[in-house]
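In the two complexes below, chain A is the common chain; its partner is chain B in one and chain C in the other.
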Partner chain A sequence: MKRVFGDRKTIIILLAPTLVLYIALKVVPVAWSLGLSFFEGNTLRGFTFVGIDNFAKFVQDPAGIQSLWVSIIFAVLATAGQIVFGYLLALLYVFVLRKGSAFIRTAVFFPMVLPTVAVALLFKSFVAVGDNQGPVNDVLNFLGLGSVEFLASTVGTMGVALAMTWWSSMGFYAVLLYTGLLDIPDEVIESARIDGANGIRLVRHIVLPLSLPILISSIIFSFNSTLKVFDSLLALNGGGPGTTTAPLTLYMYRTAFEYAEYGYGSTIALVLTLLCLVFTLAVFRSTSKKSAEA
Partner chain B sequence: MTETQTLVGIAPLSRKTSRVPFGRRAARIARRIPVWFVIALLLIVVLYPQVWMVLGSFKTQSEFLSNPTWALPESFDLDNYVQAFTRGNVAVNYRNSLLVTLPSVALIVMLGVAAGYALEVMIWKGRHATLLLILGGIMVPGQMILVPLFTVYFKLGLTNSLWPLIITYTVMGLPLTTFLMATYFRSVPREVFEAATMDGCSPLKQFFVIGLPLMKNAILTIALVQFFSVWNDLLIALTFTSKQDLATIQVGLLSMNDQYGSTQYGPLFAAISINIVALLIVFVFLNKKIMAGMAAGSVKG
Partner chain C sequence: MNPRRTPKALLASGIALLTIASLAACSSGAAETGGSDSASGPSGTDPDTFTVLSANENTTLATELDALAAGACKAEDKALPLEHETVAQADVVQKVTLLASQDSLPAHFIAGTAMVRPDGDLGAADLVLDYKSALTDLGVWDQILPAASSTIENVYGQMVSLPYQYNLEGIFYNKKIFAELGIEEPKTFDELLDASATLKDAGYTPFAEAGAAAWPLTRLIGMYAYRLVGPEAMTAIRDDKAKLTDDGYVEAAQAVADLADKGYFGQGFVSTDPAAATNAFLTGEAAMKYDGTWLLSNINDPAQNKIGEDNIGFMPFPAVDGGKGSIDQWPANAGTAFAMNPKSYGPKVGAWLKCIAENYGSQALADAGVISGFKVNEEVPDLPVTTAAIQEQVASVDETVLWFEALMDGKSTSLAQSNVSLLVTGQLSAEDYMSQLQQSIDQNR
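So, the complex of A and B:
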């Protein structure tokens, strides 16, 4: 038996293609990129070793710091919205609609599979002003307010980007959290009801603590995807007005591939990686503290 | 403590039962009204932008400019679609997207299921460490490998083809797929494989005869999830696409918007609508698998 499951030839045939590709095109490039972040230059111009100068440069680079803040603010607000809307929808599915929630669940999920670029262009037209004014401004006019050119301001662009992110992903988080809520045994809910817990109290004291694990993994997943926001802010307004809504990913892309600064671009990519790591660890730590208190 | 709460809980219940049946029914309907209101609002928020976009794709330029935005199109002719396909690059974009997505997804799934089997069913020293190494790849953002890969593709002279996209997508999709496949194999009782060994099945044959058929469902689910993540990607497509006739649909949409996003609404609306309608058709048939797969991919990842 052991001989069969330990058959070396089989292991190599099945695993080697994946492992070779993975090491050659992921592990090596990551190490390479780490190394590049200590250099200045590009392939054509050649590289010069600059030590930690790139990191010092980043700390003092107004565009870099700005893009870092854009990423962080976007990620925090996007995650908050995704989780809150997702959780409210999940509660709606489980406690109000019960068995009849399948259609709503599916319909609200659907925008998640649409390409972000298409969604961004949709929202761009949806909030448009001018010749071809979109429905949002029509509603504003109907209410007696003037048209607002959302994409002309930083706050407006971020607002639209957040709205489209929530719109397209709340159904996904709802399904994710819904499966977590279904795992709570009916008897627990029933006995809490009999004990007099209802509505908000039931959610606050029984449902929320019991669904904490799935909530935590959703928050971590949400941070890890929204910190890498790229498509929506690029397609919506090109990181504009100016570069005021350009996230770290877009700044990295432009630095590396439009200005051909490979070294500094790699440094920005490393900052992004560290940022994801910091957020993941922060969520882990805050929750382990909470569960220790409880 | 529990007893007093039980009493409080029962009191309103008994009052309810003493009501006349008609009043109870009316009360129940009244209580449902806010629920229906919330659901109606939810469906409008989710569906209206999509319906509005698809309806808009049938409007002529003068309708866009003179009719209110919520007006229905005057006729359902396909002019905008024809224009998007012939004048824009939409047809080429779609061909490129298919030429990139299908091979990438096929490679990801085939290599991933084999690796998952080797890491979970086969027993050898270092398999846990290997799985951990692959797991680490899920955490690292794609931006970390773009610059080195760009250099390599450039040196190999691949930049004038779709190969950089296929290769990069395959590498990006492999870690999660391998990991998920390993977890799926873990849920299969070991006796299944052991019985096959008793019957004298060779190790490699066992993978094809027992392992693969067991994973049919998992393979379809993961293939769907990977299909959407490759099809909808912009970052990698933008980085490794040097010429317009190599652009995938996402890059094409972006440049189409730059070209005549603010002047020619019809073709742009049509190009976006094709995405919505095509994916809706896929989604209607496979939504259970897609939803389950995406949820599994995120929680475990």
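So, the complex of A and C:
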């Protein structure tokens, strides 16, 4: 086996088909999009080279900057909720429910398999007002409060979008983090307990440091998926009211496909890619420092 | 710096450069895309089929064209079989742009409003047929109602769409509720406000309003502006002779915001979709609905209309005190843009065009109760009462105006519609709404 993998030709033969596919389907479109961001126009009108004009335009574009903030705020809050709730659930599975956690794990994981658009429509009807009032406003009315049109305000829409994201994905992160917690040897926990570490102290000083690698992976995973949120916010309220909950992805889609400005659309896509990269590197850096300190 | 990264960086730069170079090569090729001259007769080459690309949401057109293919246009269908392709309304610009750039446009296709204007992507590339000269050559130009052709020319700047619909817009109202509360048809905006207050006090929703679609709200702003500033209100904005931040336009936005603030649109109107709003009106829960005459297809459907077709009145948007506009200036439109590709406009496609022009009016009216901008050449007996009344109204209209966003570019139209929910919920002032919109219009001029 060692001889096979030591042979350069074999490596090339084994890697080539996948590498060609990867380059054709991933690298070329990304490079193509990168190239497009220096042009203006579309496939019908033709493309004109504009240098870095699109980037200058983005910096001065209030709608673009607003979308950038929507993406960042949504990603930070959604990631925080997904990881905190996921971690708490994972702790619950391991330390409280133990072997009897299978049913709860499955039940909490279940929303993850539902299509996001269906979940968005479900939450839309939960908070509906008017003729087809949803259960949330029924509860408010029962408590003697007036109905609230959540989707008419930015805070309301963002709140519903976050609740929806947390509900549908915390089960996934709980399972991911649960597997990390299972890797912590029982002996370590036991000896910590014998040494007097219990409850929060046990989690803070033993469980958290030992599950840090999987926690970091989860944070990066969560950031990258929530920064690219598109379908749920589109289906929930179309990025409204106004464009106050329209993330970069939605702005990019509208620019490229509704206004047929492929060049500027590609620029927005590039900004999003850079954002993902910056977030990932920031998380990596902060954790590598922590590991070094540890 | 890690020296091992240099080849990778070189490779990445190489790919990027290659991409830019290939795109630059592309640019010259794409710019050359141009259509044939459409000014004289069927000069293109007939395709194998008469393919019509329409919106998923509009099933009437496909049904009526199928009916023509089986009836009045049987010979044309035999020579060049009719086929349908559909696209979601929201994806029209994207799909048509791609098809046009690949030289694969079907013979007859839906298009975005801005695309078919002379300076639009299709218009500039000469990819839209001039129906006026084509229909004149075919000897059937008189089959297009003058009001419809003038509306099309006003919106698109040239005769590049067929009027499969000809709609007036106004306020549909429930005659029974009006009679019950002693309300007369409001002639002024103040009377409309009084009527709305009476209706609300009696427990009715004054206006069924589909806020989720946004355009039913912006239409009201536009109509108020037309009544206050005059019929040239939006042309003046297009021609930069007036600004949306001028008093009359801001007052229009404020008037609609006030209607919402007083609760005249009912609870939850911001997220109400068009079907729910239509249902609220046709079940007698709401007393009025601003809409186009395309609502006739819902009104004529007994499964939807629970208040009875005799019970529905149709009035123009009322006058505004001291305004320069008149109640007789009806907003009109001729449906979505439906263009033909000059390259595939051969003799057989020309025969189809002639047959549609001569027969679509009667066919759509008799079969679906749809009022189109084509002449009705055969008498249609037993028309539903509301349809007959509106058809009479259409015939008597002398002066028409467009709708609020009709002359705006795509981006500004989108902004007008997305920001209106902020306006009617008090999150954006009338001044800010109009100033943001004006800024967008100026930027995209």
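Couple of notes before you dig in:
We take it that the second predicted complex is superposed on the first by the 273 of 294 C-alpha atoms of A that agree within 3 Å, B and C clash if a C-alpha of one lies under 4 Å from a C-alpha of the other, contacts with A are read in each partner's own complex, and residues count from 1 in each chain.
The definition used in the following text is that a contact is a pair of C-beta atoms (placed from the backbone, for glycine too) under 8 Å apart; a residue touches a chain by one contact, two chains touch by 3 or more.
As the structure is a computational prediction, the values presented were derived from the model and not from experiment.
Of the two partner chains placed by the overlay, chain B and chain C both lie in contact with A:Asp131. By the touch criterion defined above, A:Thr43 reaches both chain B and chain C. By the touch criterion defined above, A:Phe257 reaches both chain B and chain C.
When both complexes are overlaid on chain A, the residue A:Trp32 reaches chain B and chain C alike.
In the superposition on chain A, A:Thr287 makes contact with neither chain B nor chain C.
More chain A residues lie in contact with B than with the other chain of the pair chain B and chain C.
Of the two partner chains placed by superposition, only chain B is touched by A:Phe221; chain C is not. Counting contacts as defined above, chain A residues 27-28, 32, 36, 43, 124, 131-133, 257 meet chain B in one complex and chain C in the other.
Residues 12, 15-16, 18-20, 22-24, 26-33, 90-91, 93-94, 97-98, 100-102, 121-122, 124-125, 266-272, 276, 280, 285, 410-411, 414-415, 418-419, 421-422, 425, 427-428 of chain C are the ones that touch chain A when the two sit in their complex.
Here chain A touches chain C in the complex through residues 27-28, 31-32, 34-36, 38-39, 41-49, 124, 128-133, 147, 149, 151-154, 237-244, 254, 257-260, going by the rule given at the top. In the complex of the two chains, the chain A residues touching chain B come out as 1-2, 4-11, 13-15, 17-19, 21-22, 25-30, 32-33, 36, 43, 89, 92, 96-97, 104-118, 121-126, 131-135, 138, 167, 171-172, 175-176, 179, 193-196, 214, 217-218, 221, 224, 228, 230-231, 234-235, 249, 252-253, 256-257, 262, 265-266, 268-270, 272-273, 276-277, 280.
For chain B in complex with chain A, the touching residues are 2, 5-6, 8-9, 35, 38-39, 42-43, 45-50, 52-53, 56, 64-65, 68-70, 111-112, 114-115, 117-119, 121-124, 130, 133-134, 137, 139-152, 154-155, 167-168, 170-171, 174-175, 178, 193-194, 197, 202-204, 206-207, 228, 231-232, 234-235, 238-239, 249-250, 253-254, 257, 261, 265, 268-269, 272, 275-276, 279-280, 282-283, 287, 290-291, 294-295, 298-299, 301.
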